[in-house]
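Below are two complexes that have chain A in common, paired first with chain B and then with chain C.
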Partner chain A sequence: MNVIQLKRQSWNLAIILLALVLGIWRISQLPQFGAYEARTFVLGILPIALLSMGQAIIIIGGGINLAIGAEAVLINCLSARYMQDTTFTESVVLAIVFILVGMLIGALIGWIIAVSGIADIVVTLATSFLLVGVAMYVMPQPGGGVNQQFADLVSGKVPNFIPPLIWLILPIILIWIPLYRSKLGISMYAIGSSKEAAFLSGVNVKLTKIKLYAIGGLFAGLSGLVLTGITLSSSPFANISNTATLNSVAGAVLGGVALSGGVGGLVGPALAALILFFIPTILLAYGIDPAYSQIITGALTIFVVLFGGLLRKRTAGKK
Partner chain B sequence: MSGQSSLLKIESLEKSYGPVLALKNANFEVLSGEIHALLGANGAGKSTLVKILTGVISGNSGSISLNGKPVGFSSPDDARKNGIAPVFQDPALIPDLSIQRNLALTGTDEKRFITELSAMGLNVNLNEVAVNIELPLLRMIDLARALSHDPELLILDEITAALPVDLAEKVISIMNSQKNKGKSVIFISHRLAEIEEICDRATVLRDGINVDTFAASRGSEERIVAAMLGDKNKVSNKLSDSKKIDRSNSVFLEAKSISAGKYLKDLSFQIRKGEVLGVAALEGQGQDLLFEILAGESKLETGEIFVNNKKVTLNHPRDAISMGISYVPGDRKSALMPQRSIRENLALTRFRGISKWGMINTKSEENQVDDAISSLQIDTRAKSQVKRLSGGNQQKVTIGRWVTTGFDLLLCFDPTRGIDVGTKQQIYDLIRKFADQGKSVLLFTSELREIQMVCDRAIVIYEGKVQADLSIDLCSEENLMNAAHGILVAK
Partner chain C sequence: MNLSTKHVKAGLAVATSITLMAGAAVFAAPAQANNYKIGVSNSWAGNSWRETMVCAIKAEATLSGKVASVTVLSRNTDAAGQSADIRTLKTQGVNAIIVNSGDPSANNAAIAEAVAAGIKVITVDNSTTAPNTTFVANDQVAYGRVGAKALIKAMGGKGNILYMRGASGAGADTDRDKGFREVVAKYPKVKITKEVFTNWDWATGGTLANQLLVPGKFQGVWTSGIDYNVVTAMGKKLKNKYIPVVGSDNNEFIRLSNTLTSKGFVGIVVPNPAIVGGAALKVAVDLLDGKMVPATNLLKPKALTVKKNKKNLASRYVPTQEATFSSTLSLPGYTTFTPAQLFRCKAPQDSNDGGR
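Take a look at the complex of A and B:
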């Protein structure tokens, strides 16, 4: 661990600190803090944390996925429809199938972007309308259900907060760390940082893009399934997918991912989801209108983008 | 040269971008164990040829063979696996990745890389992110990475441009050691002296055709220039006559023992009206900071600056501009609006002055811009977007905007870097013309020969001080080089 690595970790440290401060603040508002409250925290952030991580991977690779919320909503609807009245084993098998469906949708979006050369933002915006349409076809009304054992596997029996915590940490250990160390991981940073230099270094830019969107789809699939496990139902609404998408971008940005690509990690976005969760709940406890919490979240995001931009400028200016 | 086998052979290669024919019937052969110069004015097809050789693009027709076997490269990776390793003027390292991860990306052996780099007398912290490393070192890192792959054919594309003298010498010794190992090098450079000195043969491209291939030796300069320019205007390296005339002695700007940053320590000099003052220095002697201070972009820590004998403080570029000091930075791209037209780029700095009165006299603006375009001889075929201009024409636009505004002192930082010989001459002529009009020019150039061609006097910066203040007849490359290395010059 040298100074350079320490400097790179400083953003994560700042995010951890902010999350801790807000966490202690929130806990001080509660009459008591135990496993039940911890479970509420984790369940509150899990879907959006997973989505932020998926978004982070795509943004680090120089893209942005405005359809990621719609991907999650579609998987939420698919799972709530088909996992209703199933056995535990069937549910698990279906869960795996739906995660693969999420990956496939992501890969398709990535393929369209890579082959057409149309900007990510345009393709994914168009796809988001399409996917919400499909979700409404799958579940015309809110509803559906899931095997209870499967739901417990996701969200834990009250007040067991360990299962959701595992679902938060497991993707970082099983997906992020191997990805970061792999050739694909380096290629992800490379195409996000400089497409041209990446190409000259021998990176297959198009294939990398497709793979990253597929991994983003995997996280969206996980997020959709977790949502089904927590709410035991589904809601095929565009406003849910839009809010989820925007929160995933906010989470990634707050978590230290540069919108210009090539910079960031996944631990930051996961923690940022915690911050995005604490702000409205803390304010709500004071009886403050939820609209104000939106203002504060928005202001914080702007501040972070500005601060991050300045920080980057300063390091780049040393050239 | 006999007994050397052919390593790379290109026959009747053709490549077009839409209706524009970049290469037509190009033939080119590199023998094993030779250093082969590839030359041509900007737009002659050099970069297209290199891109095809390195797998960035593929040709429309024609054949490429390596060691007698026909090949075609589908990607840079493919070319690298076939033993062709390029190093470009802009290093192909990922800015946001550490050197270590950059090496992992290309599958480069770390130990081998460190060996290659330390053989150059350099070292780097492998955890450092590429964006934090200075350009000259980054190029050497890129070169060391290429060498780690044991390339049969090393392609060096303008790598010595703007490289400090000591590093450029290292590049040359690397080329020679590759040659001694029986490997080949394609060397692309605008510095003719380097080519004469180290290359075995040279091929000149013009308008997408190879026009001449010959053994390079001292004195081939004229042949190279003639082949590059064809029937177009011949370039003279002679000083314009006006230069010998004594300049008025009134001083426009004086810097008194200025210090700033890590490099500038107690630096003093004067520049007179109507004088072109050259600045020579090895890389990293603080010359860029000096220019930024004079342009109001950076602040000095101690010392004083006088303009027309009055003490001034330059806190912001507008302070400098109001004193009549204009800055043409080394990085052309940062000074231009690439997507806008020549006209808008030229008029940009005019608006700043004129909008104070709230009205723009479009008629007079048009006239002034037209004057600038014709007096600068800017090639206006691609006038709608500056990014489509060649490097030389872009440079003329960055200088030209100050012509339309008017200035008393022009700060030119390496204005001819990466520009072909013909355009270079036009820029020199322009600078001389400014001096004839009584304006002052401070010119830093990484190519020492230019100083004798265009300046009236030169200062050499070494360890933050003016090591030598030489009148033009003493500005031989040897003297400048000695002073730049801290050796006293006998007067």
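Take a look at the complex of A and C:
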């Protein structure tokens, strides 16, 4: 157990180190670094970091949610449409409602998977098309808006970088740590490691799955709302949701979450989002086409999956 | 002796003043010129039109003699990514930012931060709702209008039109549609019998053309720039009985319009110049020089046909460039580069000779 704990921490340490190296590299490219530049970083990663965290919870529980980007796009469109020309209080109330909507959509997807027994990948892929369609219905063209005070609450007034940083850290403290310590958290790791073993030990596999998808939906809702707060608008396009979904998987995997389930945490994916943000911007500063950064990100992800898998096999073998 | 002293003195005075003037010229030149830093944020990389737009910015910046550097952040990205790029340009201390925005309003917050810092923001090609910016683009409503007029004229004032639009919801598509329908509504004998979206994708446009073109069904085709493969499809599908097509200034479409005239084809070229980027650069420099520039600067497109504009179209075809190259090589009043300078695509900081 201790060996595994240590290995898990060493993974986080490696991620922190990589993020630090890339961060220093990036900062050295800029003529100055202050609050404004820090804010640019945090705003750049916040939506995708939240999405990676939501994806991580679902992957740890042995699933994968290919509709998570579409959930975020839908909440982005809903909030930008209905929060336009509202007062601050109305915006906050609506924000809470939309986060609950996100949870509900997540729970619904989880319920379909649990009841039908169809693979996660199939159900979520199908729902992703459905959700983007609904988003297109809500917001046929890019646009919308949001209360400015609410936007400041999310992204901070220039050059204040503390509010977005809080929105990055708060979900870890308020959602992840209680979840990790709860019975649901233990069930999550259990069904992710082995569904059958968990079932035989008395874990309610179906209910756990639904709850995990609901929490994933909550993160997707947060991500969509944050996007509205940052961009003051919405876009109902499938390519945005597809890219977001793929990045969320890459973020989770880079962050030390095993695709086979049962391993990982949320701090890694949050830091991984930072790495995914730095790679293209560093290349861009050198005038290199950032399309090449896809190669680096892809190679890094494959390496992590291979290396992580080998590492786990060894640990399992030694036991 | 006196005379010679006088001469020497006069000579000295002349020499001194020449030296001073030369010195002043030497010192004055760099002080005035080569000091603007321009940033470019482009939301779609790897697209021929957008690449030419960026090259036009670089080439015109080099020739202006007033720009020290052009920093281009060009990549396929979403609004969060492009906003980050605009913020990065602000951090890098540019004086003006030229933005081709992937979204009409999602970059407004980042643009507003740049404007608040005293940076001139010029939006090019795609309009945004951001206040205090200057817009430079092709007049897309007029684009739809002049194409429709020329097409109906070529059709003899009657018949059915195959209407191949761009992407639903895109600003340029909406504007072109407005201008197009405005004209068509005036001719009761002209009908749009089929309306499709190509999403500005060559494969989609070609497939649609192959499916829809049937002899006798249509008397004219309007395309939103996915043009030359529609003409190619007519060779097979209509057995070389070409019907008039409205296209853009794509290199291959211009070539086909020139060469197929003998077979009775009427190609109507409505330019959508990618070198509008050069115009945006000129506007940026003018703004930085403190000149007054209108908030909206639109290029007025004209419909070109071999019948009326034979020389113009013949000179537009550039054999060395690819089929989808946007073949408008200069915008009088805006751009000063030669085609060679445009194709060279060098920013002022790219080489020792200042890119010239």
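Rule of thumb we're sticking to: the second predicted complex is superposed on the first by the 314 of 319 C-alpha atoms of A that agree within 3 Å, B and C clash if a C-alpha of one lies under 4 Å from a C-alpha of the other, contacts with A are read in each partner's own complex, and residues count from 1 in each chain.
As a working rule, a residue touches a chain if its C-beta (ideal position, glycine included) is under 8 Å from a C-beta of that chain, and two chains touch if they have at least 3 such contacts.
Computed from a prediction, not measured in an experiment: that's the story for all the values here.
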item	value
Overlay on chain A: chain C relative to chain B, clash or fit	fit
Touch count on chain A, higher of chain B and chain C	C
Which of chain B and chain C A:199 touches, first, second, both or neither	first
First (chain B), second (chain C), both or neither touched by A:141	second
Touching partner for A:189 - first (chain B), second (chain C), both, neither	first
Chain B versus chain C as contact partner of A:242, first or second or both or neither	neither
First, second, both or neither for A:160, with chain B first and chain C second	neither
First, second, both or neither for A:86, with chain B first and chain C second	neither
First (chain B), second (chain C), both or neither touched by A:9	neither
Closest approach of chain C to chain B (Cα atoms, Å)	37
Chain B and chain C contact sites that coincide on chain A, given as residue numbers	none
Residues on chain A engaged by chain B in the complex (per definition of touch)	2, 4-5, 8, 183, 186-187, 189-190, 192-194, 196-204, 262-263, 315-316, 318-319
Chain A partner contacts - residues on chain C that touch it in the complex	45-46, 72-81, 83-85, 87-88, 90-93, 103-109, 113, 116, 169
Interface residues, chain A side, partner chain C - complex	30-32, 36-37, 39-40, 43-44, 47-48, 140-145, 151, 155, 158, 227, 230-235, 240, 243-244, 277, 280-281, 284-285, 287, 289-291
Residue ranges of chain B in contact with chain A within the complex	54, 56, 75-77, 80, 86, 88, 91-98, 101-102, 104-107, 125, 127-129, 131-135
